[in-house]
Structure formats: structure tokens, C-alpha cells
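The next part holds the structures, each set out as C-alpha cells.
Two complexes follow with chain A in common, the first pairing it with chain B and the second with chain C.
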Partner chain A sequence: MLFSAILTGLVLGGTYALIAMGLTLQYGVARIMNLAYGDLIIAGSFGAMLLFTAAGINPLLALFIVVPSGFALSWLIYALMLQPLARRSPNRDRLEGDSILATFGLLFVIQGVALVLFGANYQSYSFLAVPIDVFGTTIAANRLLAFALAVLFGTGLWLLLTRTRFGTVIRAVAANPGSAPLVGINVDHVARLAFALGGGLAAAGGVVVSMYLTFSATMGVVFTMKALIVVIMGGVGNLLGALAAGLILGVVETLVSSFIDPGLTLAATYLIFLAVLVVRPQGLFGKPAR
Partner chain B sequence: MLDLTNAALRYGKHLALSGVGISIANNETVVVLGANGAGKSSLLKVLAGLVRPEPGADLTFEGKAVLGRPAHDFPELGIALVPEGRGIFGDLTVAENLQLGAHPPHARPHEKRQRDLVLDLFPRLAERQSQIARTMSGGEQQMVAIGRALMSCPKLLMLDEPSLGLAPIVTSELFLALGRISATGIAMLVVEQNVKASLAIAQRGYLMEAGRITGAGTAETLRADPAVQRAFLGAVA
Partner chain C sequence: MIVLVSLLALVALAAVPFFVGAYPLGLGIGILGYGVLATAWALFSGPTRYISLATVAFFGIGAYTVAVLADLMPYPLVLLCAALIGLVVAILVGLATLRLAGIYFVIFTFGLAELVRQLVTYYEVNVTRTLGRYVFLPIGPEHIYWQLLGLLAITLALAFWISRAKIGLALRVIGDDPVVASHLGIGITRTKLALFSLSAVVMTLAGAIQAPRWTYIEPSIVFNPTVSFLTVIMALLGGPNRLFGPLLGAVPLFLLFEWLSANFPNHYSIILGLLFIAIVFLLPNGVLAAWDKFAARLKNKEARA
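Up next is the complex of A and B:
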């Protein structure tokens, strides 16, 4: 029972970590606090569902359609809506404030479109819902797959950031945007790509979510909140921090809902969030403010 | 190779530069001297494209008008700035800082050659490749900053008070390195408080005061200039 709850919690936590990585990329590099982030996740879920139910396309293959679409959509959102804000912002703090307002509006646009197309009901589809035996307890195959995908995307992103030239450029802009032009880096350009990459990860998260959770058009804000909590807990821009924080959150939520009361899940979420903020305001692995 | 004429720069109401013009020839090392707040850093920022002067100014580099181009184009043109405070990527390693220096497309093919040159110039960096730049000493960080600028294969290297905050022995090592860089044929524009050492490696210099160029001459004439001696070399008038 305990082991099974922990296993379920790790799966959920893996998804949290995955979606948090996209948000931390958008915020850490482009300095956009994207309140519509969760709605892009839900859009990804609907995309996967539609491809599965209407065209019989397996969610694994759907990733190859949904993720590039999330990338492209976010690229466009940045180019059309956020870049003008970034250009006229005198500084990055101002941009942060403006981006919150702009993406708050965007949230309702994406949500509205989803409501019109799919209604407000909870949705799900059945994919690989076969039980698999793991060390004596059973878990649905789709959950294991969801976890594997989170690991895969997380590893991929980590390799991209630490082992490639472009990854180094992204980290340079995140850490020191003012110095980037001195080496010829076009900060605008990098911010747009990082934002789009974050959008691609959000869409991937959406596909993963749709494989084993029910979702609805209005649920985006929940994912935005969870991703935000994981990002702050893990330390902004810190991938390993996001991984640890995501897993912790998933496990705690599942333990609370299976052993105490499902109604207390959100309360537990905020409690650990607060505890981390009080004890380590810079996040689990964040550096103290210099 | 570089000509700036009639540059004025405003920060709000404050006029930081007015009617400033300087020129730098190929292979030349030029020093800019001036008191705190004279506008030296502002001048380098104009030359690096980081700030735009008021209309009426003109900046040409190798015959091309470059004013109004975005700052990230300047390294590709061959103009590299080591800013006041160094501006290195503190969270990244030494090797990553150097690699980023070779970001401009024209520098990519020469990355290995330039790295060898930098490590030959600053052997200390060779042992510290994987160290996080922020954890290095001030002198070592300055080496990273200069090394990073050299990675872009600059034709003109501009340095804003490179010896600031360094111990005398480190400073003299630094000026030795600057002399060697100059000997490779790179033109340099150096802003310095260390007037003696910078005049020793420069061929010419400019004096700045309250946002204007108030004097210019060869290194020898400046060294002998009573005004320079009074203001910078500690001579008693």
C-alpha cells in the first residue's frame, strides 16, 4: 500500500518535474512569467486526445506532432506578443510585470478556445491501461510510460543545456543577459528560442498528462500553479532542483491523498511550499541571493 | 580603422559626452585618461554599440558606418570590449566563457587557434578550465574577460580599467600581457587609472574631462605634459 502510493507519487512527480522544466526555461532565460503556461499543457492534452480518438494516433507518435506545435505556437506568441514588450522594457523587472499581465490575458484566450471546442467536461481516453507488476504491486502501464517520458525529456533537456554550444549560450543569457551582447549573442533571439522550447516541453507535458490523468479545459491554472511551485522550490533555472522538487511534491500529494484525505492534497502542496520558502527562500538547490 | 566624430550622449538630462571624436589606426594602442565621471566608460560603450549617441554623431569602422547597429553585431565586426567590472559569465566555467567568446560566426573557424593563444598568454587559465569563473581571484577573472574577448578574433580590443582592484604585481603581469597582445597586431583602446603603465604600452592618448576630449598626443608628449603630470602622475605643481 505504502509502496504503491510512493510509486504513484513518483509518476506524478515526474510529470510535475517535466512541466516545471519548461516553465523554468521560459522564466529563467526569457524572463517571461507565463501565466498561460498550464493552458498550453492542457492544449497539448487535448491535442493528444484528439489525435488518439479521431485519428487513432498513439500518444507516443502524437508527441511528434504536438511538441513541435507547442514549440511553434510559443515561438509565435513570443514574436507577436512578448517581443514588443521585451523591446520596450527599460529593464527585466519591468518585463516580468508586463509579461504577467499579457500572459494572464492569453490564458483566457487559450482556455476559451478549448472550452468552445471541447466543453467544460473532464476528458480522458484509455491508452495502455493494462496493469503491470512492479516489485509486487501493480501500476498501469501508461503511468510507467509517463514516468519514462518525463525522464527522457528531462535527460534530453539536461544534455542540451550542458553538452551543446547552444545550451551554453542559453545558460549564459540566463545568468548574465547584460554581458551576452559582448560576445555577439542576440539576446532577443535566444529568449524567443528558449520560450519556444519551454512551450514544446509544456506540450510534451500535456501529452504525458493525458495518458493517465483526466483533464478539462479549465484545469490549466492548476498546472501553472504546480509548475510555479516546483520551479520556486527547486530554485529558478535549476533543472536538478526542479526534478527533486517535482518528485517530492508528487510523492507528498499522493501520500496525503491516500492516507489522510484527498481534500487535503492542495493544502499539503502549499504547506511544503511554504516550509521551503521559509527555510530556503532561494529554493532547495538555489544559490543565496548575491 | 576606427573614427568617431561629434558624439554626444545623454543619460536623461545628464550630458555624459559632448562633441567627442577619436580615431584609432591599425595596430595602434591608444589610451584614454580622465578623472572619475569624465565619460571614459560612456565613450567605450558608444564604440561597442551598447549605447546610442545623439543624432549628429558618426562612427566608422574599417570604412563602414556602424552607428545604429545592435550591440551584438559589434563582435562580428571585430570590435571587442572588456567592460568595467569584467562582465564575465560568473556561473559558467572558464572553458565555457572562452567558448562563448568564439560565438561570432567569423571567429568559429579559429576557435582552437585562439584558445591556444589565450592559454599561452595566460597559462593560469589552462589549469583552471573547469573552474566556475565567479570563484576565481580578481586577476584571474580579468584574464578570463580578456581571454574571452580575444576568442572573438578582434581587430580592435577595448579595455575599461583592466587593472582596477588588482595588486601591483598582478597589474604588471596584466600590462605585460597587453603588450604581447598589441604585438600580435591587434589595435587596442585602453581606459586606465594606471597612467604610467598604460602610457608605457600606448603610442597615443586622449585626455577626457567632463564629457569632452581636452587633449591628445603621443605617449611621450602626454608623459611630459605638465597637466597630465599634475592630474595623474602625482607631480607637485
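Up next is the complex of A and C:
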């Protein structure tokens, strides 16, 4: 029972880590605190569901449609809405405040569209819901697949950031946006790409979520919240930190929901957040004071 | 002079329920309710620029407290209890987040309403086994109107006093530059905590006072995120750094919201979201500041001509 709960928790945590990676890219590189992030995840889930139920397209194949759409949509959002804000902001704090407000408005727009199109009910579809035996406990194949996808995307992103020239450029902007132009980096351009990349990851997270969880148009807030907590817990811009924090959150949530009460999972999330704020606001692996 | 005018305005507004029908009175209650929320929001978030997204968490706590306690004790005591609960929650939230950078506060408040909603739901489902409660109080709409009007007057008076008092000045310094503030010997966390708690108590009372209007209350009704959203957009439209700014934003936006939810019930959140983004873009300091700028430009032109 305990082992099975931990296994389920690790699978859930993998998804949390995946969605947190996208958010840490958006916040760490583009300096945009995107409150509409979770609604983009839900949009990805609806996209996958629609492709599966209406067109019979396998969610794995749907990734090839949904992820580029999420990338393109985020690119557009950044170019139309956030870049003008970034240009007019005299400093980082002002941009943070303005981007919070603008994306808060965006949240209601995306959620409103989802409500009009799909209604407020919980949605799900059945894909690969066959039990598989893992070390003596059974787990649904779709959950294992979700975990594998999270690992795949996470490794891919990590390789991209550490092994390629583009990744180095992104990390340079994250480390010091003021000095990056001195070595010939176009910060505007990199920020937009990083934001779009984060949106692509959000959409991927949405597809993964839709494979094994029920979701609804108004659930975006919860996903944004969880992604934010994982990002802060792992340290802003820290991928491995996000991975560790995501897994911790997933395991704790699953333990709470299976041994205490499913209605208290968000409370558990908040308790972790509170502990992080009180003990280590810079994150598990962050350096003190930024 | 100003005091006299405000008193006259207050008396005139207090007389409104004697002359209008039920529907306009309902609109009046809505406008006053949001006027209180937006003014209270700006009380803390205006000078400090800490964007609070948790308005409905406190509003809902107020409404729910009335629903739970209305049968157990006299009404004034119920309001007092609601205010106390709001105060305790605000102090807990403030202690956890206000000593850190503003972003932590925003994130914490962003999910707070959802957290409180889920906790209340959990409690009602598992412990009391009654999801949804009825509020039967002998309080008519005109009484709610008067109570809200009184609360609004008190909130405005408080906001006026704070802007003149030492604490208001301290708050503005913190908003402009926290480093300077700490060098001046301002207790940053303490000041922010005091103002945040005050603003939260007012929001809680606004929810508590309006509770009898619903008759039936359940968590998803009183913790509706649209309330937080509307409060922020109203305060921003009017200008969070002006005394009457938030109230000025509340009037047109509440009427617009009423009209939209009557005519476009499915699309109003999209329209309001777009409007919100437009306000952030076009009027970063509110309509009053924009008007001052415009007037100054006109004056300049005249002077040059």
C-alpha cells in the first residue's frame, strides 16, 4: 500500500517537475511571472482530448500537434502582450508587477474561452488504462507512459540547456540580462524564445496530464500554483531543483490523499510552500539572497 | 469644508433607499460592496505595490462565518467574529510572506482563495456533513445598503487618515524603495503587516455584511475568483494611489459587469479579461492620473500659445 502510493506519487511528481520546468524557463529567463500558465496546461489537455475523441489521434501523436501550438501561442502572447510591457518597464520589479497583472487578465480570457468551448464539467478520456505489474504493485500503463514522457522532456531540456550553444545563451540571459548584450546576445529575442519554449512545455504537460487525470476548465489556477511552488522550492531557474521538488510534491500529495483525505491535497501543497517560505525561501538548492 | 461636503454626500446617499425600487437598490448594494473591496485593496496594495489576489478569500471567510454563526449569536457579535477570523488569517498569511520579496506574497495570495475553499468544503463534507447553508436573518436590502455605506465611509476615512499619518508615509517609502525605508528605521514587515491586516478585515466585513443577500451559501458561491479579479481591475482603473480612485473605478465596472452578465453570460470573463489587459497597458496608474497628465498637457499648450 505504502509502496504503491509512493510509486503513484513519483509518477505524479514527474508531471509536476515537467510543468515546473516550463514555468522556470518563463520566469527565470523571460522574467515573466505567468499566472495564466496553468490555463495553458489545461488548454493542452483539452487539445489532446479533442484530437483523441473527435479525430481518434493517439495522445502521443497529438504531442506533435499540441506542443508546437503551445509554442506558437506563447510566442504570440509574448510578442503582442508582454514584450511591450518589458520594453516600457524601467526595472525588473515593475516588469514583474505588470506581467502579473497582464497574465492575470489573460488567465480569465483563456479560462473563459475554455468554458465557452467545453463547459465547466470534469473531462477525461480513456487511453492505455491497462494495469501493469511493477515490483509487485499494479499501476496503469498511462501513468507509466506519463512518467516516461516527463523524463524524456526533462532530459531533452537539460541537454538543450547544457550541451548546445542556444542553451548557453539562455543560461547567460538568466544569469545576467544586463551583461548578456555585451557578448552579442539579443536579450529580447532570447526572452521570447524562452517564453515560447516554456509554453511548449506547458502544452506537453497538458497532454501528459490529460492521459491519466481528470481535468476541468477552471483547474488552471491549481496547476499554476503547484508549478510555482515547485519552481520556488527548487530555486528559480534550477532544473534539477525543479525535478527534486516536483517529485517531493507528488509523493507528499499522494501520501496525503491516500492515507488522510483526498480533499486535503492542496492544503498539503500549501503546507510545503509555507515551510519553504519560512525555512528556505531561496529554494532547496538556491543560493541565499539573489 | 471637505468634511461638510463628505457628510452631506453621506446623508444624501443614505437617503437613497427611501426613493428607489428594489432593482436600483440592488445595484447600489453591489456598487458599495465593490467600492469597499476596491478601496480596501488599494489601502495596502496601492502604496506598497504588493498585488494581492486573495480578496475573495477574505470576502468568502466573512460570508461563510455569518452563514455558520448567524443562528448561534446576535448579529453584531457575528460580525465581530468574522472580523477576528479575517484578522487571524491575514496575520498568518502576512507573517509567512511579507518579510520576503513581493513575488512570494502574490503567489501565496493567488492560491489562497482556492485553498480556503477546499478546506471549507473538506470540513463541511467530512465533519458537519452539510455542504451549503441557509442564511435567514431579519435584515432587509436597505439595512445591508446602510451597513455597506457606513463601512465604505469608515474605510475612506481610514484611507484618508493613513495617507496623512506617519504610517502612510512609511508605506509609500517602502513602496518606492525598501532599502531606503529600512535605513530610515522603518519597521518594514510590521508596517506592511498592519496595513494588510486592516485591509483584510475590511474585506471580511464586506463579505459578512452581504451574506444575508444570498440566502443560500456554499463554498463555490462565496469563493468565486471573479470577485478578486473585479476588485483588482476596479482599483487599477480608478487609480490605486488616489483616495477616491478605486471607488471611481468600481461604479462603471460594476455596471458594465451587471450588463455583461445579463447579456453575455457565457462570454463576460473573456471580455473582462481583455478589458483588464487593456487597462494594464493603457492606464498603468489609473484613470485619475491619466486625466491629471492630460490636463497638465492642455495647460502647457495654453501657456505656450
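Here, the second predicted complex is superposed on the first by the 289 of 290 C-alpha atoms of A that agree within 3 Å, B and C clash if a C-alpha of one lies under 4 Å from a C-alpha of the other, contacts with A are read in each partner's own complex, and residues count from 1 in each chain.
Criterion: a contact is a pair of C-beta atoms (placed from the backbone, for glycine too) under 8 Å apart; a residue touches a chain by one contact, two chains touch by 3 or more.
From a predicted model like this one, the values you see are computed outputs, not experimental measurements.
**Student:** If we overlay the two complexes on their shared chain A, which of chain B and chain C does A:A180 touch? Say first, second, both or neither.
**Tutor:** In the superposition, A:A180 contacts chain B only.
**Student:** After the superposition on A, what does A:L61 contact: first (chain B), second (chain C), both or neither?
**Tutor:** A:L61 contacts neither chain B nor chain C.
**Student:** Name the chain, either chain B or chain C, that contacts more residues of chain A.
**Tutor:** Counted on chain A, the partner with more touching residues turns out to be C.
**Student:** Would you sort A:F273 into first (chain B), second (chain C), both or neither based on which partner it touches?
**Tutor:** second
**Student:** Given the touch rule stated above, what does A:T224 touch, chain B (first), chain C (second), both, or neither?
**Tutor:** Touch partner of A:T224: chain C, not chain B.
**Student:** Figure out whether A:I132 sits in contact with chain B (first) or chain C (second), or with both, or with neither.
**Tutor:** neither
**Student:** First (chain B), second (chain C), both or neither: which does A:G97 touch?
**Tutor:** Once the two structures are laid over each other on A, A:G97 reaches chain C alone.
**Student:** Let me test your reading of the model: by the given contact rule, A:V252 touches which partner, first (chain B), second (chain C), both or neither?
**Tutor:** Once the two structures are laid over each other on A, A:V252 reaches no partner at all.
**Student:** Using the touch definition up top, name the residues of chain A that touch chain C in the complex.
**Tutor:** 33, 35, 81, 84-85, 93, 96-98, 100-102, 104-113, 115-116, 221-222, 224-225, 228-229, 232, 261, 263-264, 266-267, 270, 273-274, 277-278, 281
**Student:** Once bound in the complex, which stretches of chain C touch chain A?
**Tutor:** 49, 51, 53, 96-97, 100, 102-104, 106-108, 110-111, 114-115, 118-119, 121-122, 125-126, 225, 229, 232-233, 236, 266-270, 272-277, 280-281, 284
**Student:** How about chain B: which of its residues touch chain A in the complex?
**Tutor:** Interface residues on the chain B side: 48-50, 70-76, 80-81, 83, 87-92, 96, 99-101, 103-104, 148-149, 152.
**Student:** Which residues of chain A touch chain B once you look at their complex with the stated criterion?
**Tutor:** 165, 168-169, 171-172, 175-176, 178-187
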